[in-house]
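Chain nomenclature is as follows: A, B, C, D, E and F, assigned in order of appearance, with residue numbering initiated at 1 for each chain independently.
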Amino acid sequence: MSDAPDALSHVRADGAVHMVDVSAKQVTARRAVAAASVLTRPDVVELIAQGKLPKGEALAVARIAGIMAAKRTPELVPLCHPLPLTGADVELVAAGDRVEIRATVKTVGVTGVEMEALTAVSVAALTVYDMIKAVDKAAVITDVRVLEKDGGKSGPWRSAQARTV
Amino acid sequence: MSDAPDALSHVRADGAVHMVDVSAKQVTARRAVAAASVLTRPDVVELIAQGKLPKGEALAVARIAGIMAAKRTPELVPLCHPLPLTGADVELVAAGDRVEIRATVKTVGVTGVEMEALTAVSVAALTVYDMIKAVDKAAVITDVRVLEKDGGKSGPWRSAQARTV
Amino acid sequence: MSDAPDALSHVRADGAVHMVDVSAKQVTARRAVAAASVLTRPDVVELIAQGKLPKGEALAVARIAGIMAAKRTPELVPLCHPLPLTGADVELVAAGDRVEIRATVKTVGVTGVEMEALTAVSVAALTVYDMIKAVDKAAVITDVRVLEKDGGKSGPWRSAQARTV
Amino acid sequence: MSDAPDALSHVRADGAVHMVDVSAKQVTARRAVAAASVLTRPDVVELIAQGKLPKGEALAVARIAGIMAAKRTPELVPLCHPLPLTGADVELVAAGDRVEIRATVKTVGVTGVEMEALTAVSVAALTVYDMIKAVDKAAVITDVRVLEKDGGKSGPWRSAQARTV
Amino acid sequence: MSDAPDALSHVRADGAVHMVDVSAKQVTARRAVAAASVLTRPDVVELIAQGKLPKGEALAVARIAGIMAAKRTPELVPLCHPLPLTGADVELVAAGDRVEIRATVKTVGVTGVEMEALTAVSVAALTVYDMIKAVDKAAVITDVRVLEKDGGKSGPWRSAQARTV
Amino acid sequence: MSDAPDALSHVRADGAVHMVDVSAKQVTARRAVAAASVLTRPDVVELIAQGKLPKGEALAVARIAGIMAAKRTPELVPLCHPLPLTGADVELVAAGDRVEIRATVKTVGVTGVEMEALTAVSVAALTVYDMIKAVDKAAVITDVRVLEKDGGKSGPWRSAQARTV
């Protein structure tokens, strides 16, 4: 099977980690979409959504935190290459007993941006948790995953899950 | 029911967000434990664990990323108060089809450290994903949650899930 | 006149700068309020305020940017002491031809927080400028100033301007 | 009138903010010049200028703070794209009752650098304020504005004010 | 011999690293002094010292870089605890074929500040190297070391070298 | 002699520092190798190397700290241009009375990466010091230097020392 690995790319033959040399990789337009869910209670989701209040910023703060975190991915994930992000969108939908989060990140660069998209949804989810922790300590962040990935030598990829979400 | 919320602490009456005033809160020793799982394939977990290599740093890099991220939580989560962390431990166990991650964070301060513990496990999980993404694009980070919380006015808290993990 | 200076606190007798030793200063509750204005055109202010849109986040992003910047003041202003902020509020009012910004920052610490409050309003103002620059390159950020300061040995201070704003 | 806006670029049709997709924009040499003023008292300006001291670093620290802040603009201003700065100059002139600050920033990239130039003068001004706050709490930072902008599709732009400064 | 170690403090019994729990340590005033040297050529030292130029900022930029880096030590050194610095001084003396650097850092906290002082002199030295690299690629940073350490349970410590420098 | 300097590149004719304009420089593949040594005692080196422990992460943490610091060089060294690193390797060898550190950093950009390589070895060395400071306060970081530099207009450079190390 072609996907069967025989080595982790960040790990050298002796087991030490390094930031892989991508000097020779081609600069292309790349895009990645990631998602995450925050599971809580319907009464808490109601509070987050709060359409009645004049300034309803609970979801805005998570969106902005996600976008800002995407830009700082290489500071957080030790072996990630720095990339000039050319776009970032974070969507949050609060409904039922959960907040669904989706981030789309773009670059014109030498490596993919799935780590940036995953970092965006993770930090947006942490920010939602932070907002609701006083009312629900038991909330859980789950299903943090890549849905789609485009650009680069390997071309487009869609997760099986992406098709059904 | 006593846990039923009537407002989110970071959101003012008009819906705008702010960093809550904790000037009057007491400085006490506080501790939080959080966990996360990275779901992948057994052959990938085998690669991560790699006992045979002289330097097997795949889990070390995730541990260190988690500890460093804990210290930067207030830069990532917009309404989080800065806290002087007094200790941080990150455990990773790679077995079966997954990597289980657990972080314990301590402070002597005015607010709890569950956001720091959650940030530690989230970034450790992202780092694991980054290590394996070349061999498994479909890995999923899941069950990011608080297990335990001690200190402060509200006293000790254990998640129902914590007892069985 | 008692306010007449004979030396800058950050500058030593030989003219070199240093981060002043505050080890012996007392920890007290402190608060500072700062303000800034962004001058633009009425039609641009209209766009910012946009009550009609379902998600009106233009002012939210500036508020959050201001709060986050307050926490990073000692990274930006070279001789500023790090302080554990215990609260931060940023207000924005878009009306007429301008956006008025006001930040209130609190700490329990050894130095005042006027730099944090000034940094908050400055970065909030930069964020407003960033939002409108495509439609008004000639916008001006002005009247960045401290309005009030409490706590510490010197006690409360109000700017003459503060009384009339 | 061609400059009349009908939408803010960072705000989507539904009012949510995002980091605009600039993937298709052309890489060109770009330059921006911004300015700011710190208004204080003549006796304070005298202290800052201090020609007599062997090490007169009061203006140097503001210059360096401004240059360093320019590089961190996308960390501060949430929707700003990261850009590889190729040059930065900050000028400070202390005379009369004020310190005049001017920053020139350059890049070879896909977006303009006016936010970087504005951030440079803002943080240089905050640093001047920090130096003098012990002797003048009532100092004001004012006239933070873009003077010139070159490069990109829209070509050169000069503020009306720039011609007379 | 009493100084003979039997374990590294940051390394647990199983060899994994962690940020040691210092929750129970006492808050005391602490101070550390560190030093470093940059070895180059006399003609280069002459350029750095440049008394003739109206603005001689070559050493100022290294001083400021050192002070700013001290504040960011826990972001750089993974297992370092965050500490509220209460003072920082960096001295640079350019003479003969070298620049001698010395940093004094203070805190009122639970751990020593030798890492902060060492980080200050290291980054000040890197900044000196950066200034001179166009004229001397072969410069060497050397003798980065702690000279003195005060405060905490273990009391004052002086390096043998400190007495003779 | 062609290497004799007549000016420091970061210092303008009037002595003020600036970030040099490199807008017109060519983008080429560049590489730099730097080294550093931490001098301690043989019994301490023994502790660091610790082959017997199941998780021997003492050197891994220094390696990762070095790689992460390389990416943050322009935040630390004030006049350094930001560069998109395309690879980073840090080697540590603990033997005898010392730990030898070597970093190789790569970019495809407009300026060299010797500052990034020097920052990597410096922070790796500081991290080693941090690990051993409880058992050897008198350890010294020494011989921080560039060994090799490739790419750019000036072509390859080797230090005299590099040939014999």
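Just so we're on the same page, contacts are C-beta pairs under 8 Å (C-beta built on N, C-alpha and C of every residue); 3 or more make two chains touch, one makes a residue touch a chain.
The chain lineup, named per UniProt: A, B, C, D, E, F = Cyclic pyranopterin monophosphate synthase.
Please read all numbers here as calculations on a predicted model, not as lab measurements.
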*On C-alpha atoms only, rotate chain B onto chain E and read off the angle in steps of 5 degrees.*
120
_Distance between the centres, which are taken as Cα means, of chain E and chain D, whole angstrom_ = 32
*Taking each chain's centre as the mean position of its Cα atoms, how many Å separate chain A from chain B?*
16
_Where chain C touches two or more other chains, by residue_ = 16-17, 55, 57, 60-61, 63-65, 68, 72, 75, 78-79, 84
_Which category does the touching pattern between chains fall into here: line, ring, star, complete, or other?_
other
*Can you identify all of the chain pairs that touch?*
A-B, A-C, A-D, A-F, B-C, B-E, B-F, C-D, C-E, D-E, D-F, E-F
*How about chain B: which of its residues touch chain C in the complex?*
16-23, 25, 74-75, 78-79, 81-84, 109-110
*asked:* So in the complex, the part of chain B that touches chain A is made up of which residues?
replied: 3-5, 7-17, 36, 43-44, 47-48, 50, 53-58, 60-61, 64-65, 68-69, 72, 75-80, 114-115, 118-119, 122-123, 125-127, 129-146, 149, 157, 159-161
*Interface residues, chain A side, partner chain D - complex*: 29, 60, 63-64, 67-68, 71-72, 84-90, 106-108
*In the complex formed with chain D, which residues of chain E make contact?*
55, 57, 59-61, 63-65, 68
